Each structure stands twice: as structure tokens, then as C-alpha cells.
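This is the structure I want to talk about, given as C-alpha cells.
Think of it as A, B, C and D in the order they're written, each chain with its own count starting at 1.
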Amino acid sequence: MVYWLFLAPLVAGLVAMLSPWRPAVAWLGATSALVVLVLGVGLAVRVEHSGPIGSGVLRVDALAAFLVIVIGAVSLLATVRSVSYLSNEVQAGHSTLRHAALYSTLVQGFIAAMVLAVVANNLGVLWVAIEATTVVTTFLVGHHRTPAALEASWKYIIICSVGIAVAFLGTTVLYLAGVHAHVANPLDFTSLAAHAALLNAPVVRLAFTLIVFGYGTKAGLVPLFSWLPDAHGQAPAPVSALMSGVLLSVALSAILRLRVIAVSTLGPTFPRVLLLAIGIATLVVAAVMLLAQRDLKRLLAYSSMEHMGIMTVAAGVGGPLALSGVLLHILGHGLVKGVLFLDAGEVLRLEGTTRIARLGGLLARRPALGAILAIGLAGLLGLPPFSIFVSELTMLRAEAGAGLWWVAAVVLGVLAIILAAILAHGRTMLLGPSEQSTRSPVSLVAPLGVALGAAVWFGLVAWPLAHLLSLAAGIVA
Amino acid sequence: MNLASLLVGAVQLALVVLGGPLLLGLMRVVRSRLEGRVGPPVSQPWRDIAKLARKQRTRPSESSWIFAVAPLVLVATAATVAVLAPLVTLAPPLASSTDFIAVIFVLLVGSVALALAALDTATAFGGMGASRALTIGALVEPALLVAVLALSMPLHSTNLIAIVANGSRHASTLLGPSHLLALCSFIVVILAESGRLPVDNPSTHLELTMIYEALILEYSGPDLAAVTLGESMRLAIWLGLFVNLVAPVGIAATAHPLALVVGLVALTLKVVVVGIVVAIFEVTTAKLRLFRLPELLAGGFILAVLGVVTGAVMR
Amino acid sequence: MSAFANSLASAAVVVTVGAVVVLWRHRLRSIVAALSVQGVALAATAALLGIHEHDRGLLAVAGLVLLVKAAVVPGLLARVVAANPGARESDPLVNVPASLVVAGLLTLGAFVAARPIVALVGGPTGRLVPLGLATVLIGFFAMVARRRAMSQVVGLLLVDNGIALVAFLVTSGVPVIVEFGSTLDVLFGVVVLRVLLARLSAAGFSDLDQLRSLHD
Amino acid sequence: MIVLALVAGLGVLATLTALVPRAVRVKLVAGLLGLVEIVGGATAIRVLATNHAIVGHTSSLVPFTGVRIDLTPLGALFTLTTAVVAIAATIHWVGYRRHAMSSVSLSSAFALFVTSLLLVPAAGDIVTFLVLWEVMALSSLVLVAHDHAKRDETRQAAWWYGAMTQGGAALITLGLVVLGGHAANPSFSAIAASASHLPAATRGAVFLVLLVGFGSKAGLVPAHVWLPRAHAEAPAPASALLSGAMVNLGIYGIVLARTLLGVGATWWWLVAGFFGVISALYGSLYAATSTDLKRLLAYSTSDNMGLVVIGLSASGLFAAHNAAASSLALIATLVLVTAHALYKSTLFLGAGSVQYATDERDLDRLGGLARTMPVTTAVIVVGALAVAALPPLNGFGAEWLVVQSLVHGLSGADPVTTVATAVFVAALALTGGLTIVAFVKAVGVGFLGRARSESAEHAREVPVSMRIAPAITAAACVALGVAPGLAITAISRASDAVAPNRSGLTATLSGFHLQALRSAVDPLALALGAVAAALVVAGLRRAGGPRTGAKLRVFEPWGSGRAVTSARMQYTATSFAEPLQRVFDDVLAPQHDLDVSHVLESRYYVERVAYASANDDIVERRLYRPVLALAAVLGVRARGLANGSVHRYLAYGFVVLVIALVVVS
């Protein structure tokens, strides 16, 4: 069943590669995302029922199943919107059919790589999968073939490659520790976690540092975060949605899994200090960059950094409550951020710009787009009824419960500043007068509305994810 | 509330209604004599009231019902307090509810009604008077309430009758520094509240220097009669309260007729003395500039605060 | 010291020196050539270890490394350079003498940082780990300090080579399958980078300082 | 539990009903909301009548913790007050609807706002509380921003409101999660049980954090700056709810902090009292000097909440040495809160009617409405007299009780408490005086005299529902004023839920009696006496006068010999407040700008004089503006972090990596 996960993207990708592009191809891509989502749900049910599936290189436990669901959900959203995105591009002559085909192929490859990254039970396979996402998405970032897109993809691949190389170094060093502790299969998460207490502590400390640095690059954490606003700003909206909504979280989940090993070997202090330092630094950087931000898409990108920072801090604190919060946050952030990037993409298409100062009166001019932007920003800022509110509150409770009240205070302080900043930008973009008012098509509003509805649903109602979340949090707590 | 206390209330009301204008007249006479004039007879305010009451009622073209109601409110609130306050006796009606704060606020209703009426006239002078009167009123308030706090400290009660009764039973409290300081503050308050010098010159005829006179500039006829009566009643009540707080000598402890007569005479004498003193003071002082007034009122406030502090220390 | 240890040490030193040469030389052709030499040394390292440990898989990896890192990748880059044979890293962000001083400091730092690994592994291979780490750091530094897009790609490959050196030394190579995978990933990465390099030069960008349109 | 679920369910239904076509939308939503309000109010009444809290827990809502309900009599009092205000606001809304209040977003936000206001006091754990709290904040933000397309002030207000309310929410969240982190579960009862084991420093810190957080919602200075903006810009029904219900919940929060943390140390309440005093004085001073009717009302809200906090502080300060005074102060506070809710919603609804009829909020452009809008003027007068604490309205009883508690709290007090009490009394008094100035100005300039603008001159009385709504709350002000006994049982039960009631306060229908303290007041008797006296005088006035001819002559007022024909000869709100402004010049620091341009030929002749004076909020100008400017500079500087240079980006990683490697090994 695990291998089936890759079948759908593979087929859809091959079809897109081999046949000339037309909307049906894009719809096939959406179907493939739907298949991933459905399979994720099926896997989740089975995992809940009878424990982890598979062993060796690929293994689906509750965490993997949960992340597959997240990937499937956001991919579905992004691929559904890709249909009209590409149709519009082709119609407007912004991209050729060949580019559209390349886009469709690469998106499927991207999805497959992410799925591989979350079901990998092998450090090496994990690394290969995450590296593969970089290679695949570089061309997606550069889809527009403009100098700016070229610049963004250059920065993206250069910075991420360095980061991912450092992660490989960390993986190697961790492998070394495993070999020396005579772990049977020293690249296996399960074996390493089982024998973590035997590992050489200084080496694991070095390895964990390198891995956090490396995968942190892909997760948009300090210090190698700068690719993120450029890439998210230039990529086509559905790709931004995927990258920001799930790719960052997939990279973060790698850190979460490795943290468990580090904690067993080193005790809680070192991983906590490291993750708190990086998480808080990321939050602070995101906050100051948001203060005087001038571009909507970059604003959303920095907001992703903010959310990665929040989750990293909570992961540093650790414990089932904190990790439950982190996982719910991954879901909520994925959905809401996906919606916002897609909305911003539509804004860019219709208004010709994402400069905040030039969007004034959006709510009056394009009520649906404006409302989705407003509601999405509210969700992003952690306001109820969105699940981000519950997950942030859960993480804060965990922080305070662990006696780290100052962490909760710092996080809340930074969040308040970010809120004030985004509110100010939201005011500039959304409010104000406008001469005419244009309605938006239902085909745009409906998917985004459904996604926002889902984000609300999981904030109000625990069902049906509650048990899966607690199982998954137990794995990385 | 029984019949006797109602009777007592009626007596107090009659005294205030009749005596208020006479007190005003007396003070005018004293001022005139000291200024070397003969002055009008003591009964002149009553003659004015009687004459005005027979005239035709008037109202400014732009005014509303507020203008018509305000004189009634002024007199009615003063009358209510005259019935309830411990002026002649310690046993007025509703003795348990005769609260100092309530008395102050009931009188305040009259001031507010007049101020609203002044604004209702749609003239510059009305607004000016209301603005100035209320500014002074706002600044007086802290001194007044802190003075009440100081006066009520020995008993921890703001029941006016209890305070006066306590003074008459334990004369020593009257000479306590806390009590004296509070009363000093109180006299400042009374001068400001009733529009006497140095706060306001009640006999001015220049509109720009007016405060309280500007408020009632548009009143004439029966309305002016009511306003004059109300103002004089308020002056009598303030001074009556003051003298009973300073020296509750002779105040009737019961509603016995003889005690009432004694109380009546005692109160009249005390108020006459204080009225004369105030009049003398008014002759010897000049009106303060409006913007110097805060200094005077702040002084009154500080005296009251000192009263509270010394009261707390002495305990 | 055995001949194995000596030759292993020589190969590792060549890898590190190759990194230093990249900082040292201005001409892009020389830089790519240094990269190629480094690939050979890296393959040699793998081969030496494979012979020493009688590990056929490792020998196969050595072959792959030789193919990819000494031939294909430098070849791909050389073709880009050949389009503009005189291209130089004429005005690096950090000048050459300072870069070399930094490289020295980084090597010292690598010795400090690698202590836990040296302590765990020990022996002739373990002692060489700092050289690999130094290569990683020097490569990273080259990416920071050099203006040309080509230099940056080479820096990235230095980082990869350094990591590969560390991997060979400490673990005799991560499991062959992963090594294959990572090497192929590097290959893919270089292909992508080459495409981007081509697009950059087509778009008229000669050095990376011109890539400044995206900023806050 | 079921009834509260019903309230929530109906509220959500009403929110969704906003999607129906515009023609029936407002009536349908309002009808459902009325049901929500009635059920909510009835539930609160039941809790207060039976003195039994409604508790419940379900884990099927809200991941990880579920929803916990705990509607104590204290909460029920707030819910009941909210319900009354909300009923009036909803009725007003029905009339207000053609004023752009019928869009989907505003209708649903209104429904959500009312529902969350009713439910916040029923929250039984920190997560439930914060969810409802934030829903309340968010829905009200939508209401505040309703006029954003037309007015820049609205856009600014929306930002200030959003930023400050969320800043406050962040503090509240911090305080509550720290408390929750030490308790067995996040329920308030568990927290209250465990909080006494916390170190004193932690409790003090949490109290401070919660005080500032909830204080910002209550509009305490210096966290008040959102309030005059938001209350002024929101549509009238929303303003009434903001001021009559939402700020109350800030007070509820402070009381909640006390129930969770216990009475605590003296310094807690000295700090709280300090904020109370400056809020009361600052709010009343700005109310007295503002010329915008709704801003005036908003500042007055700040002032009243300051008084409420003074009462709470007194209760905390007296708890150690004088349980009776402490209880009394708490009761007085709750009486004041309910009184404020009623009169302030009356005033805001009335002001909304004025704005509806004239499109004006500036007092200097109103006037003369007493003749054209008699009903609205009458309710405004009632509200103004109530807020000025004049007998026999409900503000008076509340203020009297506060003063009584202060007077009685002095017995057995230590020097610090004595001084604090004297300061409280003085603040109360000055505030009272300034409030009178403010509201005489509001009524006198805004409604009496001659109309000051075209629109005021042509004002028409508003639709009937907009007349009924404020009349309901005004009637409640009168009823609770002359018959305070109506509510006192409920209020003392609410205070019992915080601390056992030892005040000895009893109330007959007509007045308050403090037997143990030998104090009483009887507003009904005072009112009856005064009315009787007024009737007598009126009779005499009628009996007097000339025996023949007209009884009443209408004449031109005195203008020093000139005929007064222009509305511009009246005193304006600005000139009315001028003496006070001069007295408090140092505090208010108003900005004047006098620009005299001379005739070309000679500088002795003036061609034109331009005078501008701005009386903006000094806290905003001196405290917030510099911080915002700093943040703006920081944000612009921070752009350098992402200046586009890939080398720089890599250098961040390089430097951090080298340092990390050296440190970690």
C-alpha cells in the first residue's frame, strides 16, 4: 500500500511529460493529489487500527500518515487551482504548452518527492528525497523565465544546496555514531531510535547541529532563510502554496524525527537550547522583516518563517502536548497558507502587482478575493475559529507547562508585533475606497473557501484527526 | 417617617424659604454699610421676588423645555435638602437616609439644571456662564468630597445627622485638627458653590465678568423669582450645614416643640453671624481672576487632604 | 606509518589543496580544473579505502565518483567556461590573500570542530576527517566570497566533495545505495545549475552582484 | 449546559442566516439574535436566582482540551447585563440598517459579536475563554471597520483596535497559560485550586500581566487609545455593545484574575488603583474637552472603567483588614459596571440616532435637537444625568456605594491604604465634576440652543425602533436608580462568587441600607420629594403672573444690545471646555497653530488669521507614536537583511555554521 502512494503522481507525471498539455492533463494531476489524499486517509485508518505499516526503507507510522494527508490536502488545493492557473497562463501567452507540460510533470515529481520524504524510514532516503524536492522545484520557481524568476531560482538552489549538503554531512556523522554503537541498521530511524542511548554523545551533538542547520535551511529557519521570500515571491502561486504550505513542514518533520534520537542520546537540554535559539531567532527575523514589508507574496513568505519558528520553538520544548500542537499547526498552516498564496496569485494576475501599497481598496474592488485574503490573514494570525489558534495556544500551554514561561512570553510578544504589522499591511491592502467592484468566479472562491472551512473545522472539532494526532505526537514527543 | 418628623421638616423648609432671601438681604446690607452706602432694606430680596412673581413669563426664542424646567428643579432640590438636612433638629424626616453625599448630589442637580438652561438660551453669555460655573464646580468637587471623608472619619459614616450629632455629643471632636482642617476646606467650597467673592461677584453688572449671573441672564418674571429664591435657599442651606458642623450648639435633639424653637433661634443666630462674617470678608477681598481660581480650590483640597491624614494619624 | 595511511593522507590533502586552489586562482578554467583534480583525489581515496577494506561496493563507488566528479561534472562546467574562455574571477568580494588567510583559519577551525569524530574513529582515517571538514568550510567560504556564478557552483561542489571525503574516511562510505543516490543527486543538481548558468548568461548576467532585483 | 449550547447554536445559526437575501436579512438575523439574547439572559437569571453555577464539559469540540463551561453567578451577572444591552442594540440595529449595516459581513459579525459577548463569562477553562474572547475581538473588529471605504479615520481605528486588542489578548494568554501550566487541567477551578501553591513573585507577575491585558480591554489608560477611535467609528449598535458590554468583560477578566489568584498582596491593588485613578482622571478630562460626541462618550467609558477599577482596588486593599468594606467595594463595583452598561448604551444608541438623523458627530455642528428630536433628546438627557451620577438615576447609587466603601474601608487601615483611599476619593470627586462638565456640554451644546448646521436644523426624529431601543435602557437606568433593590440580590450573589459577602448591605426596593455602617440612601424618597416640591413651585408659578393677557412671551435673547440671530454666537463645545483646557494645559498639552498673514502694504493690517488647534490624545502622541516611529525605522533598516545579495545570504549561514561547529564540538 505504501508504494501505491507514488503510483498516482508517477502516472500523472508521465502523462504530463509525454502528452501535449491541455486542461485534462492538469485535472489528472489534481486527481493524483486526490488519490494521495485518499490513500493517506486509508493509511491513517490502518495505522490507527493496527500500528505502523512497512519496515525497512519505507515505513508509514501515524506521523507519516498524518503528513501524507497534509501533503495530499494542500496538493489537491494547489493542483485544482493549477488547472485554471495554467489555462490562464497559456491563454494569455505567458507560457507555452511545453512549459505548461513541464510544470505539470514537475509538480507531480514534487509531490512524489515530498511523500517519499515523509514515509522514508531511512536517513539516506530522506535526504535524497528532500534534495530531490530542491532540484524539482528550482525549475518550478523559474517557471516564468523572467530575470527575476531566474534570480530567485538561482538563489533558491544555491542556498538550499549548501544547506542540504550540510544535512548530508550531519547524516554521515550520525551514521558514524550508529556504526560505532554497532546499531544493526545505522541509517534506519527505528533502529537508531531504539539504540539511541548507546550512541556517542559528542558526535550525535555535532550531527544533530548539522542536521538542524541543513534541514532548517529547507524549513526556512535561520540562518539560511533568505531564499524563501525570493522563491515564494517568484514561483507560480500553486507552487508557492505547495512550497510554503507543505515543503517547509516536511523539512521540519525531518528535524522532529531526528530530535527524538538526539534527546535519547543527549538528554533534553541540548536539543532544546538549539531549537529554541534557532526558533526564536527565526521568529524575530520574521517579525522585523514583516514590519515594513512592501510585497504581499514576500509578506506571506516571511509569515511562513514565523510559523516555522513557532513550531521549532515548540519542538524544542518537547512533550506530547507541544508536539500535538506542532502537528495540528502543520495542517492549519498548510491549508491557510496555501489558500493565501493562491489568492495572492489571483491578485497578481488581476491587479498586475502584489505591491502592498498599490492594492489599496481590494476589499471594495474585488470583494471575494479581498475577503479571502482578510479571512486567511486572520487565520494566519492565529485568530479563532481557525485551527492555528488552537495549535498556537496548545504550544504556548506546553511551553508554560514545561516551566519555560519566558519562552511563551517571547513568542507571544513577537506574535503581537507581527500581528500589528500584518494588520497594518492588511489595512493598506484591503481597506479603502474603490470605484468599481468586480465579482470573482465560483471556481476560484469555492476551493479556497473549502480549504479555509477545513482549517476552521479542525480548530473547532477534534474529529476525525484527534486520535491520529495524539499517536503521531507520541512518536516525536 | 412619622408625623412629627414631617412637621419638623416643614419647619425647616419654612425657615429656609423665608430666611434664605432675608439672609441675602442681610449680607447686602452689611456690604453696603461697610462700603459707606445705605443699601436696600434686609427684606429687599423678598420684595423683588414678590414683584417678579407677578410679571409675565418669558422665554428666549430658541429655548426648549429645559429652560422652563430648570428653575423648578433648582427650587425643588433645595427644598428637598431643606427638609432632610439637620438644620434645626437632629430628627428630620428620613433621618437614617440623610446622607452627606446625597445632599451634595441633590444640590448638584440644581446646578446642572441651571447650566443646561443657560446653554438652552443659545447665547454667548449663557454658554459662558455654564462653562465657568461647571469648571469651578468640577474643581470644587475633590475638596468637597475629601472634606466629607475627613468629617466622616470618626464615625466611618457619611450620615450627616450622625456626624452633627456626634459633634454635639462629643464637643472635643469639634476642636480636633482633622475636623478644623476639613471645615476650612468646606468654607472654601461654600464660597465657590454659592458664587460669593472671591470666586464670583454676585453684584456685578458686566456680562463678561459674570459667572452665576450669566447663567440666569435670560430669566425674568416668575422664573427669575424662582431662581432667586432657589439660590438664596441654597446659600442658607450651605451656611446652615456649615454652622452645624462647626458648632452644633442648640440643635434640637428631638422633635419636641420647645427644642425646635431653641434650635430655630440658635440656627438663625449662627447663620446670621456667619453671613455677616462672609459679607465682611467679601468687602475686604477682590474677585480672583478666573484662572487663579484653581489655586484657591487646590488650597481647599490640600486642607481637606491634610484633614484626612491627620485624622488617620490621630486615631 | 603504512603506505596505505600515507597514500590516503596524500589523497585527502590533495582534496583540501584543491579547495585552496579554487580560492587562489582567478581564472575560471583553472578553478574547474582544480575541481577535476579534486574529483580524482576523491576517487583515489575511495579506491584506497576499498582496496584496504576489500569492499567491492566501495570500489564501484570510486568508479562512479571518478566518472561523475572528475569527469562529467567538471566537463559540464568546462563547457560553460569554454563559451567564454577568458572569464576570470577578477574582483572577488574577499581578495585572494585574505581568502587564503581565512582558509587557513577555517582549516584550524575544522580541526577543532572535528574533535568528537576524531576521538570516536581514531586511526589513520579518523585523523584525516578535519581535512574533509576544512574542504566543506572552504567551499562554503568560496560561495560567500566569489562573485562569479561559476565560482559559486564550484564552491558548492567543493562542499559536496568535502562531505564525500568525510563520508569515505569515517564510515568507508555511507551504504553504497545512498552514496549512489547522493552522487546522482549532485549530478542532477549540477545539470540544473548548468541550465541556470546558461540562462543567466543568456539573460546577460555576468556576475552575481547583478542578481539584486529581489530584495525587501 | 444545554441552554448554553442552545445560545451558541442559535448564535451560529444567526451568523449563518446573514447569507439570506438582503431584503429579509436584518429582520431574520435580528429575530434570531433576539432569541439568543432572551435565552442567554434567562439562563443568567436562572443562575442568579438559584445561585447554582452551570457547569459542563465536552471533548468533542476544540482539539486537545475540549470545551468547558462554568457559568457562575458572577459570570451570569455579566451575561445578563450584556443581554439587556444587546436586546436594545439589536432593536436599534433594525432601524439603523439602511445605514450600510445590512451587508453579509456586518450582519454576521454583529450576530457573532453578540453571541460571543454572551458566552465569554460562561467559559470554564482557559482555552474556551480565549476562543470566545478572540471571536469577540475579531467580530467586533469587522464592525469597527464597517465604514472603511469612506473614512480614513475608520481605517486607522480598525488598525489601532486590532493591534491593541490583540496585544491585550497576548498578555491575557500569557497570564492564563502560565497559570494553566501549573494546574492539573486548564479549567478555572483547577487553576484556582493550584494557584495558591505558586511562588508569590509568579502570582504577582501573572496578576500584573492579566491586569494590563484585561485593562486594555476595559480601556484603562495608557492602553485606552483604541477606545475613542473604535467606539467612535463603529456603527451605533456596535458602539453600544463595545461600550456597554465588551469593556465590562475587561472588568470581568480582572475579577476573574482575583478569583483565580486570590486577593494577593497590597501592591497588586495599589498598582491597579494607580491605573484606575489615572484612567478616571484622564478619561474624564478628555471627555470634558472633546467636541466629538462619540469620542466624548468613549473617553467617558475609559473614565468609568477607571472608577470601576478603583472600586476593585479598594476591595482588594481592604480585604485584609476590613472584610465588610471589601465586600461592599466589590458590590459597589458590580453595581457601577451594570449601571455603566445601561447608561452608556443609552448614550451610544442615542448618539447613533443623532448621527443617523444628521450625519454629524461634531457637537459644534449639532444643537437645537431638543425640538426636532424630542424622544432622542430625552433619553440622552436621562443617560447624561445617569453618567453624571446625579440622583435619582442609577449612576448615583453606584457612586454612592463606592464612596461608602471607601469611607468605611478607612477603619483599621494602615497608612498606605489610608493615603490610597484619600487619593481614590479625590479622584472620584474630580472625575465626577469633570464628567458633569462633559455631559452638560454634550447635552447643552449638542441638543439645546440653536441648530449649528444645516443638517442639524433639518434633523428628523429617527425610526421607531431606534427610539424604542435607547428608551429601554434609559428606562432601566431610571428604574434601577429609584429602585436599586431590583438588582441588588443578583449583584450580591455575583460578588459572593468572588468572596463571601460580609458587607451587611441590604436594599429595600427604594434604597440602600448599610445597618452596620449606619449609612443609607433612599433615591426614591429624594426623587418623590423633589418632584413634589417641583410640582408645588410649578403650581405657584402658574398661579402667579399677570391676571390678563398671554402667560408666556417669547423674545430675542440678550446680546449686549444686539439682536442674536446667528447660531455662531452661541458657545461652542470648544469654547465651553476652554477654561478647563487652560487649567489642565500642562496635562493636555493641546497643539495650537496661529497663522497670521498680513496685507502686502503694511504689516499693521491683517489680511487673514488662521487658527487651528488640535487636542489629540497625549498618551498616543507621546507614548505610542514614538514607538511606532521606532518600529517603522527598524522595519526599514531590517530590509538590509534581505538586500538581494546572495553572498550576504550565504554569509549568514557560513558564519553561523562556523561558530556553531566550534561551540558544539
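Here is the rule we go by: contacts are C-beta pairs under 8 Å (C-beta built on N, C-alpha and C of every residue); 3 or more make two chains touch, one makes a residue touch a chain.
A quick note: this is a predicted structure, and the numbers were derived from the prediction, not measured.
Per-pair tallies of C-beta contacts place B-D first. Put simply, the chain farthest from chain D by mean CA position is C. If you average the Cα atoms of chain A and of chain C, the two centres end up 31 Å apart. Distance from the chain B centre to the chain D centre is 35 Å, each centre being the mean of its Cα atoms. Centroid to centroid, with C-alpha atoms defining each point, chain C and chain D lie 68 Å apart.
Note on chain placement: the centre of chain A and the centre of chain D lie 43 Å apart, centres being C-alpha means.
Across the assembly, chain A contributes 154-155, 158, 162, 166, 202, 205-206, 229, 289, 292-293 as residues in contact with two or more other chains.
For chain B, the set of residues that touch two or more other chains is empty. Each of residues 113, 115-116, 140, 143, 152, 208, 211, 213-214, 216 in chain C touches at least two other chains.
Pairs of chains meeting the touch criterion: A-C, A-D, B-D, C-D. Looking at the complex, you find that chain A touches chain D at residues 154-155, 158-159, 162-163, 166, 202, 205-206, 209, 213, 217, 222-224, 226-227, 229, 285, 288-293, 321, 324-325, 328, 361, 363-364, 371, 378, 381, 383-385, 387, 389-390, 393-394, 396-397, 399-403, 405, 408-409, 412-413, 415-417, 419-421, 423-424, 427, 430-434, 458-463, 465-466, 469.
Across the interface of their complex, chain B is touched by residues 288, 367-368, 370-371, 377, 381, 385, 388-391, 396, 400, 403-404, 406-408, 410-411, 413, 415, 418-419, 421-422, 425-430, 432-434, 436-437, 440-441, 443-445, 448-450, 511, 513, 517-522, 525-526, 529-534, 537-538, 540-541, 544-546, 549-560, 564, 567, 569-572, 575-580, 582-583 of chain D. Residues 59-66, 105, 126-127, 130-131, 134-135, 137-138, 145, 148-150, 154-155, 158-159, 162-163, 166-167, 170-171, 173-174, 177-178, 180-182, 186, 631-632, 634-636, 638-639, 641-642, 646, 648-650, 652-653, 655-657, 660-661, 664-665 of chain D are the ones touching chain A in the complex. Those residues of chain C whose C-beta lies close enough to touch chain D in the complex are 93, 106, 109-110, 112-116, 133, 137, 140-141, 143-145, 147, 152, 208-209, 211-216.
Residues of chain C touching chain A in their complex: 113, 115-117, 119-121, 136, 140, 143, 149, 152-153, 156, 159-160, 163, 166-167, 170-171, 174-175, 177-178, 181-182, 185, 188-189, 192-193, 196, 199-200, 203, 205, 208, 211, 213-214, 216.
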